[in-house]
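Naming follows writing order (A, B, C and D), and every chain is counted from residue 1.
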Amino acid sequence: MATNPFDDDKLREECGVFGVFGHEDSAALTTLGLHALQHRGQEAAGIVAYDGEHFHMHRAKGQVGDTLNAPDVIARLPGHMAIGHVRYSTSGDSIMRNVQPLFADFAFGGLAVAQNGNLTNARALRAAMVREGRLFQSTTDTEVIIHLVAKSGSDTLVGRVTDAIGQLEGAYSIVLVSRKKVIGVRDPLGVRPLVLGRLDASFVLASETCALDIIGAEFLRDVEPGEMVVLDGDGVESLRPFSRRRSRFCVFEYIYFARPDSRVEGRGVYSTRKSIGAELARESGVAADVVVPVPDSGVPAAMGYAEAAGLPYELGIVRNHYVGRTFIEPADQIRHLGVRLKHSPNRDALDGKRVVLVDDSIVRGTTSTKIVEMIRNAGAREVHLRISSPPTAHSCFYGIDTPEREQLLAARHDIEGMAALIGVDSLAFLSIDGLHRAMGEAAGRNAIEPQFCDACFTGDYPTGLTDFEEGSIGSELSLLEEDV
Amino acid sequence: MATNPFDDDKLREECGVFGVFGHEDSAALTTLGLHALQHRGQEAAGIVAYDGEHFHMHRAKGQVGDTLNAPDVIARLPGHMAIGHVRYSTSGDSIMRNVQPLFADFAFGGLAVAQNGNLTNARALRAAMVREGRLFQSTTDTEVIIHLVAKSGSDTLVGRVTDAIGQLEGAYSIVLVSRKKVIGVRDPLGVRPLVLGRLDASFVLASETCALDIIGAEFLRDVEPGEMVVLDGDGVESLRPFSRRRSRFCVFEYIYFARPDSRVEGRGVYSTRKSIGAELARESGVAADVVVPVPDSGVPAAMGYAEAAGLPYELGIVRNHYVGRTFIEPADQIRHLGVRLKHSPNRDALDGKRVVLVDDSIVRGTTSTKIVEMIRNAGAREVHLRISSPPTAHSCFYGIDTPEREQLLAARHDIEGMAALIGVDSLAFLSIDGLHRAMGEAAGRNAIEPQFCDACFTGDYPTGLTDFEEGSIGSELSLLEEDV
Amino acid sequence: MATNPFDDDKLREECGVFGVFGHEDSAALTTLGLHALQHRGQEAAGIVAYDGEHFHMHRAKGQVGDTLNAPDVIARLPGHMAIGHVRYSTSGDSIMRNVQPLFADFAFGGLAVAQNGNLTNARALRAAMVREGRLFQSTTDTEVIIHLVAKSGSDTLVGRVTDAIGQLEGAYSIVLVSRKKVIGVRDPLGVRPLVLGRLDASFVLASETCALDIIGAEFLRDVEPGEMVVLDGDGVESLRPFSRRRSRFCVFEYIYFARPDSRVEGRGVYSTRKSIGAELARESGVAADVVVPVPDSGVPAAMGYAEAAGLPYELGIVRNHYVGRTFIEPADQIRHLGVRLKHSPNRDALDGKRVVLVDDSIVRGTTSTKIVEMIRNAGAREVHLRISSPPTAHSCFYGIDTPEREQLLAARHDIEGMAALIGVDSLAFLSIDGLHRAMGEAAGRNAIEPQFCDACFTGDYPTGLTDFEEGSIGSELSLLEEDV
Amino acid sequence: MATNPFDDDKLREECGVFGVFGHEDSAALTTLGLHALQHRGQEAAGIVAYDGEHFHMHRAKGQVGDTLNAPDVIARLPGHMAIGHVRYSTSGDSIMRNVQPLFADFAFGGLAVAQNGNLTNARALRAAMVREGRLFQSTTDTEVIIHLVAKSGSDTLVGRVTDAIGQLEGAYSIVLVSRKKVIGVRDPLGVRPLVLGRLDASFVLASETCALDIIGAEFLRDVEPGEMVVLDGDGVESLRPFSRRRSRFCVFEYIYFARPDSRVEGRGVYSTRKSIGAELARESGVAADVVVPVPDSGVPAAMGYAEAAGLPYELGIVRNHYVGRTFIEPADQIRHLGVRLKHSPNRDALDGKRVVLVDDSIVRGTTSTKIVEMIRNAGAREVHLRISSPPTAHSCFYGIDTPEREQLLAARHDIEGMAALIGVDSLAFLSIDGLHRAMGEAAGRNAIEPQFCDACFTGDYPTGLTDFEEGSIGSELSLLEEDV
């Protein structure tokens, strides 16, 4: 069980955010929080701190532990309030201009903003503002937000932020830092997570509780869907500027994205994954000798499966930890060996066995195919692949990097077709109702008022998708391609 | 005679610009042009190209030859029009956000801007626009210009640019690229240079003619003070949107900044420097055996001096070319040896001689002092220092990096004091009238209508200095400090 | 379960070796083999290949995946035979001259040598040869071996190698490549591992079977203690030039060093570790709620313990995989948080629980102390630490990096003292007889003829220790200190 | 006039050496000395220092100013005696194992050796020693020397060094450091330079006087051909172990290799080059308007030519100093512009003029051709190329990197052919007698007892060339190719 799959064939969370008000080591705390949130974005990270006089920013490509925790960096970020951001970005967008937080000068002073999630009307908003003569210098949604803040007629920062956020469509957890306040906002459906904690006299916002744990902060509560939390010298103020709607939290956070040691919306992620594995065993048990996880993504579900099925849990696959991020693309003579550079079969646990292989999801199916071949070569007599989520057949527009729909294996094949392609003796996914049962919803998915955002499984998108409708205004923008 | 002094004790030109319209290799040409203009800024460089569909940008810290001329970089910058920029920046500002060209999306499409020079009302303009709710994300003057373009009510790009530039105060040569045009503008006094050339069917803008020579382009003419030159499919159009004023070209471009092989405002820089040296010999001749230049800045003036004085010109100082830009700051035991790492005395040419040592200027005087000591140690019997410009006693606000006034040797000491500090037997500067005579103004400097900007010698600044007046509005901005 | 603990408080294997004869992709295969052996040495790696005409060498600091698997590197190492080496080296020795393989020209042609292990009479042999006028240019044992080969009077390479190796004392598995042969030798006690495999028509030597698996080679057998295996155009020849002695294989290879998916001396490492964990549960069971491994070193033993004890196995500690090898040493404000950068507690699995915490060994005890504190803070009610090996109280002289004896916790404290320092409710180590029982020796350790080298637990060193005796001749050498 | 041509079409000196005895800052002084000698080798540099107890070594690829002058490097090289080396190496040999100084342990203690020059019987000596069972680990001549020292039967270091050097053939200036002494030796013909200096109470050896000047040391004298100079606690001892022969100093050191500010064998290099230029004007004067040097190699000769010819000396070519050593190979679209990246024509000085273009030598002729084309394009009416040396028609075997003979322009064409290829109106080389006259030999070259080594012009090699004779024993070695 670990936090990084080094696996190209996984969906990826695109961002994590952190904020702290009222602590003299705010940049150091933010660095630690971002380090704990690194699984939510490995490509770049940034911090903005304010020391009562100046804003200080440091943004860098690379991982937090390689860039932000150096003594000289921390020293250049003094102040008692700070926000931070980790980012994974899709190819072509990986330029410094897009690394967050974004900062801008306003009439009321500076403001920095960082966001987790994705807007579904950002291009439309942007196009409209460009027509008004407003300048855009990046391609991020976040720049749209700060422009909306800038053009608001409100007298107060909270009023301006409310004006701005009221125009947004999509999924977003946002943190902001001004001269006086750190603010956190979660979208009305609460699709992406955001939690509130306390460290001594200071308050902390973070995407997940693991970022509170690393600094020794106490978890207070989840920020609620549609809530705006304002941290300043007076403590914490909770505002509800937006109409209340039923929560649609992203169920994939439980299945794969969140760290196993985080608590999300009142549930422990690790034990939820074990429950999901147990439900999977109940739904699609099979005669077998051992249960083997695909490391590391399938580990807790495999443990739950093994327990529920009464089968031995065995580590049949060893990951090579020396496949780090600077790993050179191997020469042709080596490359065809593929997955074996990253995983090795543990013959001891596989030879002659009927194997239940557990993973959390199948995206393109490329890695699964290689792993199945590998464990067959190591002597596995049968391979039964069990997936602890329903088939992933739809793209996500809410801040998760998914391939185009036509690349999703489940969008192109039925179960039998997938099983044949992957080369397993049997294949089963968890049902959508089974997933909800494992989440404590005994009746399964509520067809009228679904309890989660499960659009990647069901195609039921809970928000408008303005930018993705035909004839969207955004397409006329002359966006810049930059490669720095 | 060379183009890089590697000398910390020199004034520095802060920028160079280049633009081309109508050539399929526009990015490659721009790279070459920027390479030729590298003496105008070594810290960062950038190019924006437009291929009829997309704008493409590449900006990087470092020198053109180390960053922009790689095949993969050129390949990512397709298009038949491009602009480029080289930049030297003062400490603290050296962040990627400030590297030019700047790009922004406008209602009429994208626009990229690059500037040589400095505005003297940028902070005031910026503060006023921030109050209007406009967003600023960098600290460059150039962002002020693109905001002014964005907020103009004009229907045409030329109209918008005219509106914007009409509000600027200071010295600026600007190039812009839109979807249709490449535009060049020079400020009404023509303080900074800008030239127009032709390469086959395409037109070229550049800070100096050496950037035309490197691509084999023909020099057509200087862009005139206050002129706007528009390059597009119809050829070259010249606009004069601003009221005509008498030119005040920067005389220091002749003395030191421009490359010796450039032609500036109708004069060859190399032969002008020789004329200045000859005038210096006439003004302050002295009995001596040899004339020795401080390499490389004093070379042409020393040749002119030697010729006029009838003295042998000798290379008494050798530069070490292995003191490159990655040269590690030497250990303490080595550092006290100072200048000898960069220069060596040529005893052959100095021993027992009365030496006239010629340099172009004295800023802080630190290097001069070390060089004089070095050539005395090599046996020079007398050292007479001759400077081919008047004493530099005032800061420049027009795009030249000058130290604070109190650090200028000439602002703190008279000639005798300077001679004593530097340790020479005699010291003489060229007079301000002598300088004008060498420039072909037989009557010297016209007190009523000066022929050049010579503010660094005279303190006579030809423009308003809004931002530098007491109580300047700009001081209330909460500018961000970033260190990337 | 993984192959790299990123843990400073572990003993470290110092080297791994690989060799192949008769395959046209010998360098690519060697790269893969070394990648699989990376856990045996992360600091540097090297390959020598021979193509029938020239020897080709590439050696580099860093990990195989970052250095050796680049297409251009593989392309520069043509040939049908090759040997390779991975190396971990102690501080001060990390210079390129010491990176293996070593190569030298002999009268019979070139020879390259790579070694796993450590000689205990290398300094004495070296000193004697220096007196004879022989030149030494590195500080490695391996250079001693090639000098012994060079000075042998034998006519054949095998004779020379036999002469050389007959003079060695210590633990060594060696591979050599000449113009005609690849040779593998294991020391008479077989302290370090070496296995023989076959890939199609070619033969392969490797420190562990995981290096055969990665290239799809078939495992043939362990090279026997004292055996010399000669691979050439005639196939495999087995020579036994040395007197036969009872094997004393390093038992710590089973406990920690070897990869879990390797088979060593006929046993699977993974299942052996589970057996050891089960024996530990039998010897020192305790009333508890959950069994939690210290990842990753304690994982299989914890699984065996949980099974034997009938307790749930839970992942109570999450490793952060983003603590990679370029991780910057954190700033002071962050550093005091220590272990939490690398591990996080999983509160779900710990809160309110009586925890059996399982690890493979304790060296200095620093990491254990931090982990225990961390899981107590996460709510663990009791912590019972169980170690799947006897106390490590003696240094290793056979190729394992151990701290000085006084730094070993078990050399300074008894069990109670250790428990108090680490802060656990109880502490137990596996007994030496229990270890042997888990290895299948029902009667425990044979006092007369011990079955393994267990000197790090018992102080019973199976070879002479010439260089470490008082008055050792080696101390008079004027060894060079180099820092490249 | 400068010290680095950045020109691929020049012969290159391959090495420089430095040594100091009796100064507490010996490593810092050696770093400075090597920096001054950087023109003799830019690829790698190394220092060995001895502090009375340990030898310390630092060797690195790259230039001295980028590697050796860092505070931490100097700090790791304590001691009162040191030697150093700069190296240029031909392609394929550029590996760390070959970087000097070489160090080895001997029965009498450590010894480090650094060499300038080249042996012509190194392969033969090496092959003979390999047959005796001696180990060679590099491909340098220097390793041959230390083996000869090791196998000598003499009781003293001086005796051993004498034995070793007595067997060498070729050109060599060598410095050595042992526990007690620093030794300098020059070959019996004195082909390569070596000078002796004093700094306070310490003595210094260096390839050129410029390395004495940089540390403020006093020049004492040239080490004589065949002399061995021993520096130790007793001062300087001069030994003459070898039979005396007439000096044959390398005349090309005067023409191009040595730094202009050095004094070599009693002559100032700068003024010698001017004399050579004057002699060239006398031999091959031509009606012209200006004399223009090819920078920087032709500068002093052009000055001498102009003076003798009574013509104006003009800087018609500007070098671009931003073509540094990390300059990226330009993209295809740029590359065809060739020489203009490095040089620019100064139209001011060329347009409409009859130009005498002066350079020191022609090797392949590639650069000359481009420069001539460039100055014609800048308006030169006639171009008369004058070369301040005879045609370079033979390879050098004495430590100068020369192309294969068939690549030398003068080996393939007569003067008319060369003039046509280069595209000049006339071409003249200095005659061999003219060269000797310029060196003060009024009668020209002495046919019986030549005063210099001028083999590259005449093919008259003053030593045996054992390794280059047919059937040379060295060819049977199985040398290793390494690419680190």
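Keep this in mind: a residue touches a chain if its C-beta (ideal position, glycine included) is under 8 Å from a C-beta of that chain, and two chains touch if they have at least 3 such contacts.
All values reported here derive from a predicted model rather than from experimental measurement.
Steps from chain B to chain D, minimised over paths through touching chains, total 1. Averaging C-alpha coordinates per chain places the centre of chain A 38 Å away from that of chain C. Chain A and chain D have CA centres that are 62 Å apart. As a whole-number value, the distance joining the C-alpha centres of chain C and chain D reads 49 Å.
In chain D, the positions touching at least two other chains are 73.
Taken together, the touching pairs link the chains into one ring where each has two partners.
Interchain contacts (touch definition given at top) occur between A-B, A-C, B-D, C-D.
Interface residues of chain C, counted against chain A in their complex, comprise 1-4, 6, 25, 28, 31-32, 35-36, 38-39, 42, 63-67, 69-71, 73-75, 210, 213-216, 259-261, 263, 268-271, 295, 299-300, 303, 313, 315, 318-334, 337, 340-341, 344-349, 377. Taken together, the chain C residues at the contact with chain D in this complex read 48, 54-60, 73, 76, 96-97, 102-107, 109-110, 126, 130-137, 146-147, 150-152, 179, 477-484.
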